[in-house]
Amino acid sequence: MENLLDQSSLFLQQLVNGITLGGVYALIAVGYTMVYGVIQLINFAHGEIYMLGAFLAYTMVTVLGIPFFAAFILTILVCACFGVILDFVAYRPLRKAPRLAALITAIGMSIFLQNLALMIWGSQIKSYPRDMFPAIFLKPALSIGEVSMTWIQVFMLSITVLFMVILHLIIHKTKIGTAMRAVSQDKTTSALMGIGVNRVIAFTFAIGSAMGGMAGALVGLYYNAIFPTMGYIAGIKAFAAAVLGGIGSVPGAMLGGGVLGIAEVMGAGYISSEYRDGISYAVMIAVILFKPSGLIGRQIGEKV
Amino acid sequence: MDTILKVMRLSKSFGGLTALREITLEAKQGQIVGIIGPNGAGKTTLFNCLTSLYYPTGGQIEFQERPIVQEVSETKKRLIKRCAMLFFVLGLIWVPLFWSVFVPHTFFKVEVVLLGIFILSIRLLLVRGLVRFQIWAWGLMFVFLISDLWFASWWLTHLLSLGPMIGTGIPLYYFTVPWGIIAGPFSIYLMLQLFLRKVRQLYGFRLGPDAICRLGMARTFQNIRLFFNLSVLDNVRIGFHVQMRSGVLGILLKTRSQRDEEGLTTKEALKYLRFVGLDGRAFDLAGALAYGEQRRLEIARALASNPQLLLLDEPAAGMNAQESSELIRLIFKIREKGITVLIIEHDMKVMMNLADNIYVLDYGMLIADGTPDEIKTNPKVIKAYLGGGTAHAET
Amino acid sequence: MLRLEDVDSYYRKIHALKGVSLRVRERSICCLIGANGAGKSTTLMAISGIQPISSGTIKFGGDPIQKLAPEEIVRRGVVQVPEGRRIFPDLTVKENLVLGAYLRKEKRKVAESMENSFELFPILKERREQMGGTLSGGEQQMLAIARGLMGTPRLLLLDEPSLGLAPIVVEQIMGIIRRIRDDGVTILLVEQNAQAALELGDYGYVIETGQVVLEDKARALLENPRVKEAYLG
Amino acid sequence: MKRLCCFLFAWILLTGVVWADSIKIPIAAPFTGPLASFGEGMKNGALLKAEEINAAGGINGKNVEIVLEDELCDPKEAAMVATKLANDPKVSVVVGHLCSSSTLAALPVYRGAKLPAISPASTNVSIGKMSPYYFRNVYKDDFQGLFLAKYVKTVKGYKKVAIFYEVNDYSMGLMLAFMKEAKKLGIKILGTEAYTADTTDFKPQLTKFKMMKPDAIFIPGYAPHETIIISQARSLGIKNVAFFGADGLDDDLMVKNPDTEGLFVTTPFLPDKAGPQAAGFVKAYRKKYGKDPNWFAANTYDAVGICAQAIKAVGQNREKIRDYLASINSKDKAYDGVAGKTYFDKNGDCLKEAFVKKIKNGKWVSAEKQLQ
Amino acid sequence: MRWQLYKKDPRFVFLSLIFLAVLLPWLPLGASTNYILRIMTTAVLYMILALGLNIVPGFTGLLDLGYVGFYGIGAYTSGLLSIHYDLSLWVILPLAALNGALWGTLLGAPTLRLTGDYFAIVTFGFSELVVLVLRNELWLTRGPMGLPGIPPPSIFGHPLTRDWEFFYLVLLLLMIVLLVVTRLQDSRLGRAWFAIREDEIAAQCCGVNLIRYKVTAFAISASIGAMGGAFYAKWFQFIHPDMFKFWESILILCLIVFGGMGSIAGTMLGALILIPLSEVLRAVLPQGLFSARYLIYGLVLVLMMRWRPEGLVPFERAQAKKAKLLQERLTVSGDGE
């Protein structure tokens, strides 16, 4: 009987871990999914924005001595601006170029940013010093038997859910959101309606990057490890989450992130921790091969 | 004259919009057949269906008496859907049975329950894919059917050696016997069903555009689709693709037959270019040609695959009077070679001089067919073209 | 009101417009008819600022607009209803209409125009919450026109509103176009359906392979043997 | 023509050789990249030694010049750096390569060029047998794993241990050696879990450990990750479980983290356990760099010392230096350095003692009980 | 007349360049000859790899981010075969190529019907999975311990150890690969690939079976990559999973983007410029910045796409040149007009 209790508390604890991780993936995946939805580009550099978010928050807290929550909000704003700049510098000139060109640019941008961070911050793993760490985060928020959840997990999850709801409202209830959906369906007609297509795309980048930067700041705090290559793996996994949920759909990103996070943690917990990253890749490949439209996405037909 | 192409009750719809509605037409050997109709009438969609770029929603196509597209009846589709559901229901029994026998004493372990849910959800996904006629579901289904078949026979042969079902005490053979008796034959039946040609066609095992070309149907496109960054000669040589035989090994070893084939192809390609009047520009990039020349190059490329039937999609669009009369001469020359030509044109002027037989489409329906003279005087056609009237048969 | 002078435009390497000149008078319906691929839609796209032009000028109300961004052109009151409806299939009818008024700030007036369009097209009111893609062809066309009107245009560019529609629906649409003109909106109508267009229009241009070959009063064009020939050969 | 010019330019850059009359001793290690802090220890140790040698009048009147070659712990870069060094006639011996994979990649190059090299830090077992030109003044992984297992059993008395290793050569070598010895000694290995260098989320694996309820968790890896692992473990509620690791954790990074209290690690060098010579070294090091030397610094300090001794004895002939190094093959011929006596066996490996140190009140201190 | 023709023939240019390369070890470069030889060997190796990769994105227009997976498969095939069975290089090379082709086909067959960016992602996932397997299957690959002690190749019983010997060997391989690639390019197969690259739908309607030719392209590309890997293992005598990380794919992609996707000369030029650049950077850049040298590769990708997406030697220019050459050849032989 005790064994059964252990088993189930192990399972529950892993579930908690998985959901937290999934929340992170979902936040990053939103950026991919929104940009892909609007301009059909896999923005490889998105993972790097996540990394920059982590570094910015870290630098603001440790070097400039700004309190974490202020730094958190500043980071989100700076990352949003950064996304817009990225779009303006790298992608806008290629709007009419073949998709391959934009994709290669995205990869190039990703490498460039990653190495830029490497130059600025060095490749050492950075951690928040304990005294600058908001103390409340480490205290357990709830603990039932062996299962525990810290405040930072609660904070992260609630922020994720909150922003997903806000995002959903923005996309479905506001004018700019309607414009975003319009641009994703038909750019020429949108322009004919007087929608500034480039401005809407820039806005999309801003929101996606804000989410990515936010995820970065949160993750930097949660795992307390910030390094220049963190965006690469996380970015790919988040992309897998976006594909899993159905690329182009925000609730899909949420669902995909959650499923992938849980699958990864359960895979590491029950199957093999060596192949932990492999699980995400395998899920991603399987989804792309068998169901490219994802769990809640729609099939995108090609025009002849 | 033999009928070379026969289209019967062909329909195509995109989502809710019907682009073609029960089109029936035929082309005889050596004829020039015109298809005319205003913009958006579905002419190009018809061509795309013929060359397998689109797959029709209903109807049949026969080319040189060989069925290219066959009709699958609704009953057959319904049968497949029912079979798929049954497959899932059998899975509902199968999964707990499997645990009981093969993973004894661990029935309530978290991992095992998860595994069970996983297997069941894969089976459900498979059913979904199957009823939506997706190709992967077709392939994966066989793996599952074979394993079901194997387990059915295994359980039937190990009837008495199985203990009671874990957690309930009910003798296992209460479950295994009916399961084995139903699942075994059912698996075989479903496999046979899935192998039927018509059913395979539903899952996308159909002739692709390349196979259609190989059969002898070549086409041009409404908005020119040349290989713009390749030379004119190479464009035509690609057209020869289906006539060439050399494989990777021959190419790597540069065997005599491969070299001969290359030489011959180049010569023939130049011949075709002369035929369409482009021999002077054979070594320029296709992108550098003028509009009219590009149109002719597209025709040369299509001719290079040695077709029986040539489909021309608005060849005269964007041409001035002189260019289009040259084009008409060229099409007559092609017909003299014994090639049947099917032309889309919305410009009746060109068509009247050219075609032996004309079909008129209007918003996806065939509204008239006959010789040019008949068409010219057909009131329905005039209405469709000059428009405005309400005297249409449908309304 | 709108004046094109010697407009040249290239599409890829193809010379799509070869010195097109035309003018549209205030509060009139001007028709641009011609065959497929003659350059009708390209002309409209050039006016709307989507298709770049290589030479020539486009003036609207006296100001050159050929260098402006598409949204700026819309702001000045030139709204296009594109060929093939091009409504947003995954947005509701209402959202489609709201987007038509994207550049307008006052919410109340937008709501007013929406009421107006519902009055003009009662069927849209019924389908308000339906996805655009689920409408029938005629309804989509109505939605497209209503969406164009939401932008309170001074000049409405209509690209083949009769395309692929049943004749009775064409009739209906043409009637609506007339009503719009009567409400004081200038209209440039591009049509392949010459009969319907010329019956409706005041003035007409015939365009062939990127050049204007004929222009006259609509009534006169309707009688012109060259027009008949151009279509029936 | 333009192309040719470009090429010529590159060529001139590449062939440019600095002519200066000094003895070059190159240090090949990662000075940037994730393991830069270890490379920095090596750099500091070497520079300190060179400074001392030069202050004492150099080797045979010539100054020692330390050349830093950054190879990022990347095998491909390491081979390239090795070729560069092998073709520099001023280089007669190399101190280097920190990571075993770099060492293994560079090794065929040194062997081909007959250039002797001393690694102060590569502990992989397979290195020794591969080349007669490779020496090292650090013990091998198998010794360290074995040592740890013994220490855990006899001094600490742990019975149930779980292992959380990184998927790299160093960590896995240690794990395998530890497991082998643990089996002999009757320590129960509850489970092994792995992580990769790209991850920072260790919770799934740690949760598993939590349910296993081990006495201690063995974390053979490098400091940057392990400090995060310990923090995450504590936040998951793994409270009364000890952590221990090997020399890869001997880094100041660990001390900065308050969660690591009580962690103990093996190390080849302990400032307070070493002899009087070491005390001088520690003092000088503190003075120059303002912190305690780690074992990388100490070992590199010694390696440079051995090289200097060899050059002093036989001159700058590669072959002779190799023979000289190979001749240091017994305890009495050993080089007496700050990290103990160094002598090489027939494979070029050395046998050295290991020590245990632990974190107490946020400082590295020697463990009360050492295993002798 | 004939001489004029030869002078312009790219094959002649290549041959003379290779002749120059053959002279390289004997040029009076002083002590750094071996260093330069090693750099040039690396550059030539990357030329081979780039020529192989070029077949997929260059010829058929699909972005392949998983090329390094095949490179790794080739290297490990070669390493394991020579350690366990001590086979000769001439047996290993074709075996490695075959193994690469096998995996290329296995990966290509299901994935090649995907659209561009999904294909890129799947190939990326594949290469990461390959590295994971190389890392974790200790029984086969020794995982992160690497595979040391691969015996050097030998010719007629003479083991190759010196740098110039390896340089000649890799030059020989380059010539073989070049022969293969140029022959393929000027054949029915190559034209089918170009057709796919230019316009998939038109290609299909010309009778080109998309899947079949894409798979062929993928398999051939993979086998060339695997062959490069096989040489690499024999040359380095030590392989490690970290050598086959994603960055290598990007580097090779960068070479062909820089040189000109689809053009053989451009691809080789890209490798010839960018690979030695890395060593120049080592000499020029301060220590701390050297680790960030990939920054420059990233920048190259971005800037090339922005200002010169067709690369140094654009595909269409190469095609036009080829056509003119053919014209001249046909006029000389009197076959043509």
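Here are a few things to note about the model shown:
Chains here go by letter, A, B, C, D and E, matching the order in which they are written, and residues are numbered from 1 within each.
In the analysis below, contacts are C-beta pairs under 8 Å (C-beta built on N, C-alpha and C of every residue); 3 or more make two chains touch, one makes a residue touch a chain.
Here the structure is a predicted model, which means the values were calculated and not measured.
Separation of chain B from chain D in touch steps, taking the shortest path, is 2.
Looking at chain A and chain E, the chains that touch each of them are B, D.
Each step here moves to a touching chain, and the least such steps from chain A to chain D number 1.
Using the mean of the Cα atoms as each chain's centre, the chain most removed from chain C is D.
Each chain gets one centre point, the mean of its Cα atoms, and the points for chain A and chain C are 43 Å apart.
One finds 76 Å separating the Cα centroids of chain C and chain D.
Distance from the chain C centre to the chain E centre is 54 Å, each centre being the mean of its Cα atoms. Averaged Cα coordinates give chain B a centre that lies 36 Å from the centre of chain C. Across the assembly, chain B contributes 53, 287 as residues in contact with two or more other chains.
Chain contacts: chain D has residues 32-33, 167, 194, 196 touching two or more partner chains. Each of the following residues of chain E touches two or more other chains: 135-136, 201, 288, 291. Listed by chain label, the pairs that touch are A-B, A-C, A-D, A-E, B-C, B-E, D-E. By the touch criterion stated above, chain D contacts chain A in their complex at residues 32-34, 36-37, 167, 193-196, 198-201, 203-205, 207-208, 210-211, 224-225, 227-228, 231-232, 235-237, 256-258. Against chain A, in their complex, chain E makes its touches with residues 57, 61, 63, 65, 110-111, 114-118, 120-122, 124-126, 128-129, 132, 135-136, 201, 246-247, 250, 253-254, 257, 288-289, 291-295, 297-302, 305-306, 309.
Considering their complex, residues 51, 53, 208-214, 218-219, 221, 225-234, 237-242, 244, 246, 248, 251-252, 254, 258, 261-263, 266-267, 270, 279, 282-285, 287, 301, 305 of chain B touch chain E. Only residues 40-42, 90, 93-94, 97-105, 107-116, 118-119, 122-123, 232, 236, 239, 243, 274-275, 277-278, 281-282, 284-285, 288-289, 292, 302, 304 of chain A touch chain E when the two sit together in their complex. The part of chain D that touches chain E in the complex is made up of residues 3, 6, 10-11, 13-17, 31-33, 68, 70, 72, 74-76, 79-80, 83-84, 86-89, 100-101, 104-105, 107-108, 112-113, 124, 126-127, 130, 167-169, 172-173, 194, 196.
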